[in-house]
Each structure stands twice: as C-alpha cells, then as structure tokens.
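Each of the next two complexes has chain A plus one more chain, namely chain B in the first and chain C in the second.
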Partner chain A sequence: MSDRFGEALDRITRVGGVLGALLVSAEDGLIVSDALMEGVRGPAVAALAASLARRCGLVAGAADVGVIRFLHLQGTDGILTIVPAREGTLLVSVGSSEMNVGLARLEMLRAVEVAP
Partner chain B sequence: MSATRVVEEWTLEPLEHFVTESGARLTLLMTPAGQVLAQHGFTRAVDVMAAAALGAAVFSSSGEIAYLLGDTEFATVHHGGARHGIFLGGFTMPHGRLLALVVYGDDTTIGLVQLFFDELVRALAAVAPRQERQRPVLAADFERELNDSLASLFGR
Partner chain C sequence: MTDELSTLADEYLRSPRSLAFLDLGERLRTEGRLEAAVRVTLAGLEHYPTLSAAHDLYARILVDIGDLDRARGIWLRLLERDPRHAGALKGLGCLDYWSGDFDGALDHLELALSADPTNRSVVQALMLVRDAADTADLDAETGASSGQHVFRGLDGAGRGMLLADRRGRTLGGRLETPDRGDASEEAAAYLAAAAREAARTARMLDLGAWEWLTVEAGAANLHVSAPDERSLLLVTRDRSVPAGRLARLAERAAEAARAWLEGQQL
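For the complex of A and B:
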C-alpha cells in the first residue's frame, strides 16, 4: 500500500462519526488495507460489503441505472458507505449514526483518486 | 432432498447453515487423514473419496511448508481459479483435529467463505461431543464401516 493511500484512509477516519475505513478487493471480499477503530470487525465488514456491492451492481444493471458510484446503507445503529475504487477494489467506511455522510463521501471520492 | 449428508449427526445443522450463508457449492468435513464426517453437494462416492484424499494431502503438504517457515501449520489454504476456488481450513474439536474442504464459485467470495468458516468452527465446537468413542480399528470392521459411512453420505 502506498503511504499516500494510507493517509487517505486516515483522513476518512478523521471525519466525525467514522469508525473505520477499508480498501477491499471486490472480487475476493478481502481487506487490502484498513484503518479501523478497535471493535470494528474488519474481515466481516469487508466480506459482506463486497457481497453487498456485487448484488447492488446486479440491481443497478437490472434497473438500468448504470454502474454504482456510491452506496449508503443506513442502519438503526450505524452507517456503511461504499465507493468503487480502481483495479477492482472498493472503499468502505463504517460509522456510527452520527457519521457525517456528506464529508465522508467527499473524502472517499478523494481517496479513490489516489488509490493504487 | 437435502444435498447435505452426514456420518456424524452433530455436524448437520452447522454445515447446512454454513453452506447457505457462504454460497459454497461443495463442502467436506473430514479428519486430516481424509475420513469424511459430512458432505454437501457431492453426488458420487468416488468424487468424495478423491476430494477428501486430495484435500487432506494438499493441507498436509502446505503444513510442511509452514513447518519449513517456522510455523506449526497454515490455519487455512486458498487456491483461486478462474471459475472456482477451493478453501481448506483446519480446526480443533474436543476430540481432535478436523479439516474442511470448500469449493466455491464466482457467485461468492473467499472473504465470505472465510467469514462463515469461522462461524462454522464456532458452531461445531458448541455441539461437538466432548469425547469420541474409543474403538479398536480392526481390519475385519474396516470395509463394513467404510460402506456404512458411504451409505450415510449418499443415502444408499
């Protein structure tokens, strides 16, 4: 992992309410790189986020809305966001219900630009 | 009819849950020597026996590489293919070591298989008998026991 991308992950985790950010292989559901607070189950989030993104991609195709640019999952106790990155990877962030989704999205899109 | 067949009844529910959640196409639970406890997805006895023997051999071989590297063994081994991947995971039950061989397709990921494999191990540990019955291995019983196991695995 390049230092630049590590810094980008760190910047995402500095957004209010974000508990962690991960770069995940979309095909494998495995973590490429992460910056996670203690208690976040990184491998589980990575595997399930990749599965979710794949299924949402199928839905997007069926609905003829093009490729996925941003996924936002709002749960009762937190938020998960996913942005497809380069080379078959996904950028995933996990946060509490207070997560600043707008700012997190901006940082994620910025991070995608520097992804390896 | 369920595609999951078991020799050891306590493995059935955890294995069925694992297969459903992970999207695995084929699964074998076996001893490191290749003796099968349960299987999902196989339709022919010869396939089970070949997969069990080869899976146990692969895991054993990789364990030797781990030993050369100063590790005791690799907890899991993964081979990725263009359309299928195989996953081998070793784990310890109260009565000894077991091995899972999982074949998965492009409709799931190694990450999901690994995730639900960890759950499978926890679920099996919760229901596993504390101690295996100690039985002498007699040549006279071997063929009958083998036939009994194959009958359980294929419902014949």
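For the complex of A and C:
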C-alpha cells in the first residue's frame, strides 16, 4: 500500500506551504511511507498525529458525529492535517502557516478515495 | 459459596502459585468477604511481589475495610513505578473525592482517563465528581447563573455549543446528539484530553501555540478552540455548514464565552 501512496505523498508535498506528507499507522503512530522536506521530524509527526487523531476520535464519538474524514490543527506557526485512510492508516501533512489547507485537503481526500 | 466463586476457588487451589488469585481475590472482595480476600491477595503477592494488579487489588480491599491511608500509600507507590497506572489513578481520585478534594479527584481521574480512555468506570467516576464539583461551585457562587445562557442568541445555542474547563468539566452550553440526547459531560471530558494533545502536538512539532482544531466527520463538523487560558469551546454543526462559516460562528461563540466568564469572576 505504501508504494501506491508514494505518488500521492509527492503530490501533497507540492502544495504550497506543505513541508511533508506521511502515511502513518493509526494504531502505533509509526511511519508507513513518507515524503518529507529536510528538517521535518517524521517519527515525531507520525506519533503525535496518531495520538491526536485518537483523542479527536473520542470527541467525535461522544458528539455522535460519525467517522472523522479530515482533521485540521492550526498553530500560530504551522498546520497539521490528518485524513484517515484505509487499513488502519492515516494520511498526514504538516506545513507552515502559509500552507494552502484547501488544496492539501483536496489532495489528501483524493489520495484516500482513489487508493484501491 | 456461589458457583462462580466456587469455580474460582477450585482453580486457585489447583494452582496456588498461578495468577488465579487475582480473580478469586477480586470476587471475594466484591462479595464482601474481605478477610478471605486479604489472605488470598497477600498469598499471591508473596509469589508476585512486583505485580501491579495485585497491589491495586490489595489497595481496593483496604478501601473496603476502611484503611484508606494504607490504600493511598500503596497507590502512590504504584504510581512511582508506573505514573500512568489507571487503577492507582482512579483509586487516588476516589480517595480525593471522599475527602472533599474535588480538584485533586479531577486531576487523578483525568489522568486515569488519559491512561485508559475506554474505561467506563473512570468515565462514570469523572461524571460523579464533576457533578459534585459543579454543585459545590454553584453553592459558593451566590447569584451565579447556571451556564445555560452562555451562548444566548447565537445560532445553535442550546444544542451545539459547549463550554468546558481545561479539566473536562462543563461550564455552560449544551451538546445534544440525535440518539443519546445530552452528551455534554462525555464530550467535555474527551474535549479536555484532545485539547491537551493538540497543544502538545503544536508545541513539539514547532507549529507554535495551538489556536484551534477542526474535525470534519461523517455527520457533522466540529470546531474546538480556547476562549481563554482556562476554558475550551466546542461548536458543532451539520455538514451543510462549511468549515469557514463554522469558524466564524465559533469566533462569535468564543466572544460570548469570554464575556460570560468575565461576568462569573465578578
């Protein structure tokens, strides 16, 4: 599956402001595949994204709003976005505060939808 | 002796050095046979002196006996070895609650929930303590409003706007779900944990200070933000409301929340 996502990860990293994209195991926060710019700490991004997705999943469950499709964490200096993918994985992108979130979101959702 | 207890006792007697003592000790405790529970558990601890579950069981038996100080000591020592031991955290939370220390109880139970998010008994204990803490707060605040009117006049007030403190206690507003009705308490509990994780993630990934979080889900979108340093705001709308408009709505709700919180401090 990681190979199938390789091209998608590259496409996501071409979106303005994106510093890296990763396919992450949702359960243990380990990297399955990645496309990262230099300086991006992939393992930390993967672990924290998985943990955050779990916590937000509990909120979504309590609010009874169904399965998470897209998650956006906004920081003063950067952005983290997460899309649950198949087979217990998460598609994650991290970027600067200039990141084009709308385009990154579309690429991420498209990547998940077209994955066999 | 009940059938189940008899079965557990037989299993224990067949292999007294096995871990069967845990189930038997727990069963004896819940049936109120505390002396037997102590004997079985202490015998088990001779074989497994470092087994956290056995120490946790022994502490709970001591609570039932009424020896709260020794129970507290056991749980504190357990936490020295394993700071995220959910049983010890829950036990200490209950001891705090019984002594009237609601803040301490909430701290311990929040940590217990963080260590074991699916533990229903911890969730129930948290709800109980929050209710007690809220009642105490209201008793202390003469003339304070109940928090039901924080978002008065805003679209969705009363069903999709929830204000909570950083410990996961509801402050005002209400979150309703189609199937379960009022989900405010549970959502507030998980909201606090999610916000802490968001802040930690932003800090550790050099994303700066956490500003807000949006979640698009199958049936609705969520927006989580912090009106001030002590509170959290959850706004939810169905998916017909775009994320950008939801963010605007959340900003207005945050302003209302700040005004209400300032009023509470007068």
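Note that the second predicted complex is superposed on the first by the 109 of 116 C-alpha atoms of A that agree within 3 Å, B and C clash if a C-alpha of one lies under 4 Å from a C-alpha of the other, contacts with A are read in each partner's own complex, and residues count from 1 in each chain.
Here is the rule we use: a contact is a pair of C-beta atoms (placed from the backbone, for glycine too) under 8 Å apart; a residue touches a chain by one contact, two chains touch by 3 or more.
Since the structure is predicted, the reported quantities are computational estimates derived from the model, not experimental observations.
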{"item": "First, second, both or neither for A:28, with chain B first and chain C second", "value": "first"}
{"item": "Which partner reaches more residues of chain A (counting touched residues only), chain B or chain C", "value": "C"}
{"item": "First (chain B), second (chain C), both or neither touched by A:80", "value": "second"}
{"item": "Which of chain B and chain C A:94 touches, first, second, both or neither", "value": "second"}
{"item": "A:48 touches, of chain B and chain C: first, second, both or neither?", "value": "both"}
{"item": "First, second, both or neither for A:72, with chain B first and chain C second", "value": "second"}
{"item": "Common interface residues of chain A - those touching chain B in one complex and chain C in the other", "value": "44, 48, 51, 54"}
{"item": "In the complex with chain A, residue positions of chain C that touch it", "value": "117, 175, 177-180, 183, 186-187, 189-191, 193-194, 197-198, 200-202, 204-222, 224, 234, 236, 243"}
{"item": "Partner chain B, residues of chain A touching it in the complex", "value": "24-25, 27-30, 43-44, 46-48, 50-51, 54"}
{"item": "Chain C-touching residues of chain A, taken from the complex the two chains share", "value": "41, 44-45, 48-49, 51-52, 54-56, 58-80, 94, 97"}
{"item": "Residues of chain B defined as touching chain A within the complex", "value": "80, 108-112, 114-115"}
